Structure formats: structure tokens, C-alpha cells
Amino acid sequence: MASSSCSTCMMNKSSFAPRVINCKKELMFSYSSLVDKLPVHRNSFSLSADFSKSRLLLSHEKSVKWKQTQQLPLRNSIQCWAVETQSTPSFTIGKKFQLDDVIEAQQFDRDILNAIFEVAREMEKIEKNSPGSQILKGYLMATLFYEPSTRTRLSFESAMKRLGGEVLTTENAREFSSAAKGETLEDTIRTVEGYSDIIVMRHFESGAARRAATTAVIPVINAGDGPGQHPTQALLDVYTIEREIGKLDGIKVGLVGDLANGRTVRSLAYLLAKYQDVKIYFVSPGVVKMKDDIKDYLTSQGVEWEESADLMEVASKCDVVYQTRIQRERFGERTDLYEEARGKYIVDQNVLQVMEKHAVVLHPLPRLDEITVDVDADPRAAYFRQAKNGLYIRMALLKLLLVGW
Amino acid sequence: MASSSCSTCMMNKSSFAPRVINCKKELMFSYSSLVDKLPVHRNSFSLSADFSKSRLLLSHEKSVKWKQTQQLPLRNSIQCWAVETQSTPSFTIGKKFQLDDVIEAQQFDRDILNAIFEVAREMEKIEKNSPGSQILKGYLMATLFYEPSTRTRLSFESAMKRLGGEVLTTENAREFSSAAKGETLEDTIRTVEGYSDIIVMRHFESGAARRAATTAVIPVINAGDGPGQHPTQALLDVYTIEREIGKLDGIKVGLVGDLANGRTVRSLAYLLAKYQDVKIYFVSPGVVKMKDDIKDYLTSQGVEWEESADLMEVASKCDVVYQTRIQRERFGERTDLYEEARGKYIVDQNVLQVMEKHAVVLHPLPRLDEITVDVDADPRAAYFRQAKNGLYIRMALLKLLLVGW
Amino acid sequence: MASSSCSTCMMNKSSFAPRVINCKKELMFSYSSLVDKLPVHRNSFSLSADFSKSRLLLSHEKSVKWKQTQQLPLRNSIQCWAVETQSTPSFTIGKKFQLDDVIEAQQFDRDILNAIFEVAREMEKIEKNSPGSQILKGYLMATLFYEPSTRTRLSFESAMKRLGGEVLTTENAREFSSAAKGETLEDTIRTVEGYSDIIVMRHFESGAARRAATTAVIPVINAGDGPGQHPTQALLDVYTIEREIGKLDGIKVGLVGDLANGRTVRSLAYLLAKYQDVKIYFVSPGVVKMKDDIKDYLTSQGVEWEESADLMEVASKCDVVYQTRIQRERFGERTDLYEEARGKYIVDQNVLQVMEKHAVVLHPLPRLDEITVDVDADPRAAYFRQAKNGLYIRMALLKLLLVGW
């Protein structure tokens, strides 16, 4: 679901019966309030009346794509048009923001992050104390995975079920679905949205999540789209730092390992730039250095960063040592380069010894041997807590997208 | 589950506790009513007493296959025998019919179709207004898919969950299950029926669904068996026409595309023959023309039909233009023939322009480019509503099979 | 989850809110009761206080592996240590035993078996009469299958859902999960346990289940680990014999077919040795004879056994004829040997004729033609009832592991 541009309707939405969420893009106004609510910057809109419900439906037409929000077989009732907005996937209503889709880390500003983290902490309490939570009872999530990611899929499905919701699973959409017969992603989304209330999609193509969100009337969460984005991982990383260190302003973070290919560290760097006085250290083998676009971005945002070849020195100064896996698949035939890169920066007992007592080691998982197993026993090894935080972040997002605040 | 031949017991059934559905084939009578209820045309039956429940069990033995309906470990209680009836998969009780399995489109007559459609409309209301419906709470559906069909599977699973039921999924039964070790379908069904209350099966062999239904004590729904039947697709097609056009008698339907291989259009033609004054146009490339068996059947039923090479002319006259995908896999090496057939009849803006305002375009999906994307925006593009109707039809069938009227 | 060594805490556990099960390894005592509860045979333990809950946490440290039981982001609260106990996966509390994991058939003694069977019979009643049971409502089971076993998976998932619980499914963990990227089983378990309350694992490596249980804070059930164990199959076999024959002491059991490779018959022989006056007959083709380790074990336990080449004679004497499939995959290229072995001992009408009226035929399924299809109709063909009993045994184990007695 792409975002809508009017606010009051959305506030109404959250008090509706769950299934009405399907019609989220319908903007509902009483007639009297129509004129002044009209977003003047829009070049077109359609207005139509749902006579059976004695209310008006307003929505915007930006593309030629027409979308019925209800099945109106005899078409004696009213149509409404889908809004397509590429620009603003989220926006605030009063003091709360309205979340329509989760597509990329960049869509979140500091306030929105704080708000999501607050809900995530509520979710943590619910998961621990209210096993039979029914917050999302009656809601159905479709996990549409075009490439496998068991960890991410289980995390989302657990999140949904911990809140009393239900799940439709497609573990291998690429091979099995109509996609194999040549169906477009858009057509698949239009069908699946008829069967569910929210779509969690993993895809192998960058930009697929945005295409899905633009098509769908229901909310879409990007669970990773190829080399593109994996926004829920970025959110859980920042959430974990705040939970572990107690703050985000003023922290020092060492990003270690494959900084060239890991979308995780790239998204994390991007999000950290939203906080004050952050210092970032890049520690990576020469072949997988952080790329210039992120460095330039950090500089433009006034974030201090430096590259270092000395993991011990960086570890001794950082609040967070964020280790990543060197991805073999990036090296092709050059297994010699892979082996060299892989062994270079290992987090082990020696690194732990120089780290501060309050500092933590993070890792997006799975890990191979870039963190030695004996590190697990140290309280500062926070990577399994980090994985668990993914559950809370996803619970929070599902709640916000489906029932709002 | 094959159908039973006595009625009153079934009426009792629907007021039972859900799990008793497992014993649906047991025909229960009070002794006094036994003689006159006895179907005289049966060549054999067995009568046995369940002493613990002080009632009599009557059932028929048509094959040598013996079936226990309860686990009777010490065998001091009673056995009963499975009824096997190939001929009448459904029948009426008073004004209502009793649905035992859904195997093929031919099992439904006009009255039964109307009755199912009525329930489907109720389901539509439930889906929209009662997100937490618990109609099928406590019931468990097993989706046993021997070949992948994500769309169909999700539709059934959504239907079950929208009604509060639960699902056991086997997305790839052919590769994974005991079938790979050589187990017969019958043995698999006997095991799976012990774990669930209803089986939805997709299979690659024509006739597999009937074999499963004959074996199973619980209801079986055919979700497509190879080149054979896909009855729920046929039902949703007819339901969609009625919902979109408002009637079925007197309609004109153009069937377009691959009419030789598409079981969808074959089943649809069959079902349309049950209505009055229907006119059917066949529009297809020469290599995939509608086969004679259907043409002969329509003629025998007094249904007017004609073949045409002029899509524009047909479209201008029809209430329904039912487009289908040319299936590449049917052409083998002859990609030249495929390409030629594929491009021949496209539903696009030109076709829309000649279609009547009240007419609709249907398609079983997935589509490639036999309907151009710009058609989607037209209110007459009904194929995504059609897909959604599949949900309502499947909800209706699940309700009817599991809890009855 | 490995077992704990103190009992009273566990009794408290079962009255806790469900999610607290995650902390099962925390042993909670009031301070006053600390000293005398202390297991003196332990070489180390850690004691820590959870200030927020005004209670003491005691646990044991046996390995270097340190385990936090709660996410303690700022680490101003308390840590606790995981207990690792290889030796006693279950033990009694008062008259009841405490079940922590189900890893191997050997972990159960006669009393525990009886207790589990008692619960299984309760489960049978629940499955038949209480379709909407909510005993495990709010609990989440993860089925982590590293090799496919549709039958076993569906049985566990059905068991969970019949009790109102929810399921996270991984049908093909080996191919899809992070395992493909080189993640250790231990790391996968640590992640998955954050998303669920119990793990049911099938693995291709012997010993994998124990490794998982040692790692996990939550209970683990072994659903088969390679050539190792498949304890729930062993339990359901013994349960079925008791349900069908009415006793276990004094029974005569013929084990037929592939006795060399079938872990089923090996486990069954092991469990039968726990009962009095049992007599076991081994009937198998020469190439797949029962191995000496089991024979020696039976002898050491005073169990009478003999090998026989005469199925008819054995069948005429036995209470239970336990037939198994000759596994083609064990014969490699030697299909001649396979075909010879396969046809040698078939249970058919001839065998039935010599069997006693009270005797039964069992088979772990799937079967090929080692039992002819016409045997199915005989009341003594108990193999489908046996499969169904798997459901009750698994319901019982899930209940015991998650909510206790």
C-alpha cells in the first residue's frame, strides 16, 4: 500500500473493524469537510459516493491504474481510485505518525524511530507476559518469499502469531507461484491482497518492495529486496543499540567485516546519521571496504567517521562492535581472496579483553567463525538478544500497520 | 469421503460436535426406523451395534475394502463398514442438499449451484464485517498439494482461516512425502485423514481426487487433478458471472484463447449448459480449438454455440469475455506455433471499446499479455474480483462440508 | 533444553503463565530453602538475584557456555547460568516425572511410559470430544525439519493445533536456512528458540537432537535424527500395542522385515525389554538381520528372543506382527538383493489366517507391498490406528513439555 496524503481518515481507520483495513486507501470524509481537506498540490482526484453507507469516498488519481476497493458486481454502487504516492511512505498525524508500508530504512526519521521503539518495548512486555495476546486476532499476514530466508520468515510469522494473528506462508514463491508462468509481481500482489490483510515480501530484485506497495491496497513490509533494502533489520539493529547501550546520541560504533556488500551495515550507517555526535569506525579487509556513497553521506550529515585497520584499537574505543560475515558468494572463483578477507578481523577473547564493560558485540547472523564461539558466554555478546529484538520490532510494525496506535 | 445414501443421519450430523464429522459415513438409525430407511437397491449392507452408545450403526458394503471408523483397540466394541458410492457425490435432504466431497463440476446441478452461491454471498459479508469469525473454529484442513499451485493453496488456506479454522500445509507432497518412497495415494490419505477434518488435494493425475474421496472418511475437495477437474475454479467462474452480470439465464459468453487445453473453459462450458438460453462463442487460434466433446455436449443440452475468428465482433455481443492464457508448455518444441497462437487474440482497449457497458472481462489468472495491463483500470476488468470470489466460494464449500447448513 | 536437577522449582513452573516456560532452566528458590536444596554433587553453581522480582535465581554451571535467560539490555539486572546435564533428561517429582526434552527412547522407564500413555488416552478423548481445546493456546511450536518427513511433521503440527497451539513451519531447513551459509546448529537453535516455545527437530545427523536440547532453553523434541533415534515413533508403537492387546507384560512380538536398518524396530526392541516376560521373534531376510547389539541387550535384560525364517509359524504364535519396509536405498546398486529381500516376507491373507483373533499387524508406514492391500480390511490390521496413535502420543508430549501435568 502506498501512503495516502490525508490524515484524519487514517485516524478513523484504526477504530474500524479489522477487515476494513483493506480499504485503507479510501479516504473518507463527511461532505462538509471535503473542500478544506483537499490537498491542493494534487493534480487530480476522484470523488465518489458509497450510497449504501451514506458517506463520501475521496481519493486521488495519480496514475492511469484504476483500482476498485470493493467487489461491486452489478456496479450500481461506487468506484474509488487508488492513490499512488511514491514520495511519502509515512507521515505524522497530530503527534503520531501514520505508517502505511515499510519499504526502506530512509523512510524513518528520528521521531518515527523513537515511536516504533516505544511500541517495540510494549511488545516485549506482551511477549513475556501475555502469551495469549489477541491484538491482531482476525488478521491474516501473507509471507510472500521469492527467495528463502528462514530466519526472517520465522521472525515475522512468530511476531504475527504472538499477537494472535494468522499467517499464509509461501516459502518459495519464485519457483512455485504463477511467477514461473510469467505472471507479473503486480498481478500476484493483486491476487494475494485479496486473501490477506498485510503482505510481508522478500524478493530478489531491488525495488520490488516498492512496486508491491504501490500496487497493493493493503500494507506491504519489505523483508529484503535483493541488493536493495532490508529495513526491519536496520530497525532492529538501532533498537538493539539503544536497548543495550541506553542511548544513541554520542555513541561510537565499529562496523567490521564485509562493508562493501552488506546492506545491513549500509542501512545501519544511514540510520545512525540521524543521531547526534555519533562516531563510526570502518574496519574491513581491503577488498570489501565501505563504499564512498555512504562515506559521503555521513560527511554531508556531519557524522564523524574513520577507516581503521586495527580492530583492537577500535574495539577498545567503541560502544558497539558490529561484526559481519564475509560473504563467500561475492568472491566467485577467488577463494584465495575470500579466505584472506575472512580470517582478517575476528572477534574473539582478545577483542573482548580490550572492550569496555558496557560495550556490546552485535552481528546480523548467521555467523561463521568471524566471532569465536567462546565469545557467546560473555554478557557483552548481544547478537542473540539482537535476533530476539527482531521479533519485537516486527511485532511493533505489524501492530502499527494493522491496527495503528 | 464418498457420499452416503441415507439422509436423516446427515441432518443430525450438523448439530454434532465438530470432531464427530470424522464418523460421517456411519449411518445412524434408531432400530425402529431401520427397515423402511433401507435402500432396497443396495446389494449388501452391514448392520452393527455400538453397545456403548446404545445405538445402531448401519452402513453399506460395496467394495471389499473394510474401514473402521473408530480406533477400537480391544475390539470389544463394534466395527462399521465404509460406504463406497461412485454415483452420487451429493444429494438433497429436504430442501437442502448434503455435500460430502467436491470432486468435479458435473456433480452440481442448478439448485445446488444456487445454494452454494447463496452461502458464498454470506461468506462475503463475513469476510468484510466479521474478521474474527469462528464458524470453523476447532476444524483442521490439510492442504495436500502434489504439484505446486500457490494461488489455489493460498485461496483455500485464507478461506479456512477467515472462518477461524486451522491449516496443515504440504506444499510439495510429491517430492517430500512418503509418496517418494512408493506409498499409494490411498495410504497417504488414510494417514492424513487421521490428522485433519478435511483434505484439500491437488494432484497431477486425473482421477486422483475421486480415489482420495473414496478412501477418506472425511470430506475431500479437489483443488485440481491434472488434466482432469478443477471444480472450485468452475464454481467461482459461474459465481462471478452471476455477481457481475446479475443473471446466468440468457447470457452470452465468449470463451477466448486456449480452448483445447484449458480445463477451466471446458468446465465453465459444462456448467453454463445448466442455464437457459445461454449462447457461447469460441474464439481461439486454430491449434487450440475447443474439442468436439464439449461442442457435442452443448448441442445435446440445447445450448447455442458458434466458433468465430473475430474477437471484436464477439466482444461487442457478449456479456462476458472469458480470456485464457495460451499455455506454452503445450507446444513443446514448436515455439513458433506458440508465438503465433499467443499473439492472435488480445483483450486490449480496442476490445473494451466495442464491449457493452455492463459486460465484463474474466480470466482465470495468471495472465501474461493476453489482456493488456491498461485494461485493468476499466471497471469491466473483473478478473481480480473473480480471484477474490474464489475465496468466497471456498469459504462456502468449507463451511458446507464441515458444519453443513 | 537439557534437564535441570532440582525439582520444586519445576512444580512451580507449571502454574506459571505460559511464556515463562522460556526460563525453565532458572531454578527459583526462596532464600531460606537454598542451602538444603543445593545439589552437593555439583561442582559449581552460580547464585544471582533478580531484584525486580525479589527472588533468587540459582543455577548450575557445568560448561563454559554462558546463557542469559532474559534480555537485559543495560545489564543492571541479573544474569543467570544455564544448566547442562547430559545424563538425566527426565526425572520424577513426587509421583510425577518432569519431562524437559524428548531425545531418545532410552530416556523413558516403565513408569514414565505409563504416565505418558495415561496422558495420551486423555488426549484421545480431547481430540474426539473437544475440538476447540485451548490447552496450549498461546504456545508456539517450531518444526525445524532438516530433512523432509511430511507424515511426522503433519502429525506434530496436528497435535499442536488440536490443543489450540500455533506452529511455525520449516519444511526444508537444510536447503533454505542459514545452515546453507554455514551456520552451526547451535546458532540456529539459539535464534529459533527466541521465536517459539518448543522446537520439534528432524535432522540428518545422529546426535543432532541432543546438541539442540543442550543448547536450547526451551524444550526440544527429537523427530528423528538420521540413523539415530526417533523416540516418538517408539512411544507410539508401544502405546499401540498396549491399546490393541491390552497389556505389555507377557506379550509375544514378531519383528519382520528390515531389522538391520530400521531404527523403528531397534527402538521398539529396546522399549519392550522394560516389560516382563516379553518374547521377541526376529524374521528377516539374511542381508538385513537384527544386529548383535540389540540381541545382546535383550539377553542382558533377560528378554527371550529367537530368530526364525518361518513367518507363518511366528505369526501363529504372536500377539503382534510388526512388519517393516525393506529400504531400497540401503542396497545401493544391488537391486537383485533388494528384490530378493523385499519379496521374502509378505503379510497377506495367508498370514492373517494363522494369526490369532486377538493379534494385530503393525507397520510404521509408509508400506509398499510388504503388507498386501487386502489385509487392510481385517480388523487386526492396526497400522492406520497406529499412525493415529502417533497424534495422541505427540499431543501428550507437547502438553507435558509445555504445561506439565
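Letters A, B and C mark the chains in the order given here, with residues in each chain numbered from 1 onward.
As a working rule, a contact is a pair of C-beta atoms (placed from the backbone, for glycine too) under 8 Å apart; a residue touches a chain by one contact, two chains touch by 3 or more.
Fair warning: this is a prediction, and the values are worked out from it, not measured in the lab.
S.K.: Which word fits the touch map of the chains here: line, ring, star, complete or other?
M.R.: Per interface graph, the chains form a complete graph.
S.K.: What rotation angle takes the CA atoms of chain A onto those of chain C? Round to the nearest 5 degrees.
M.R.: 120
S.K.: Need the CA-centroid distance for the pair chain A / chain B, whole Å please.
M.R.: Centre-to-centre distance between chain A and chain B: 39 Å.
S.K.: Enumerate the residues of chain C that touch no fewer than two other chains.
M.R.: Those would be 169, 171-172.
S.K.: How about chain B: which of its residues touch chain C in the complex?
M.R.: By the definition above, chain B touches chain C via 17-20, 22, 64-68, 71-75, 79, 137-140, 142, 166, 168-173, 175-178, 181-184, 186-188, 190-192, 194-196.
S.K.: Over in the complex, which chain C residues touch chain B? Could you list them?
M.R.: Within the complex, chain C touches chain B at residues 124, 127-133, 148-151, 154-155, 157-158, 161-162, 169, 171-172, 243-244, 246, 325, 358, 365-368, 373-374, 376-379, 384-385, 387-389, 391.
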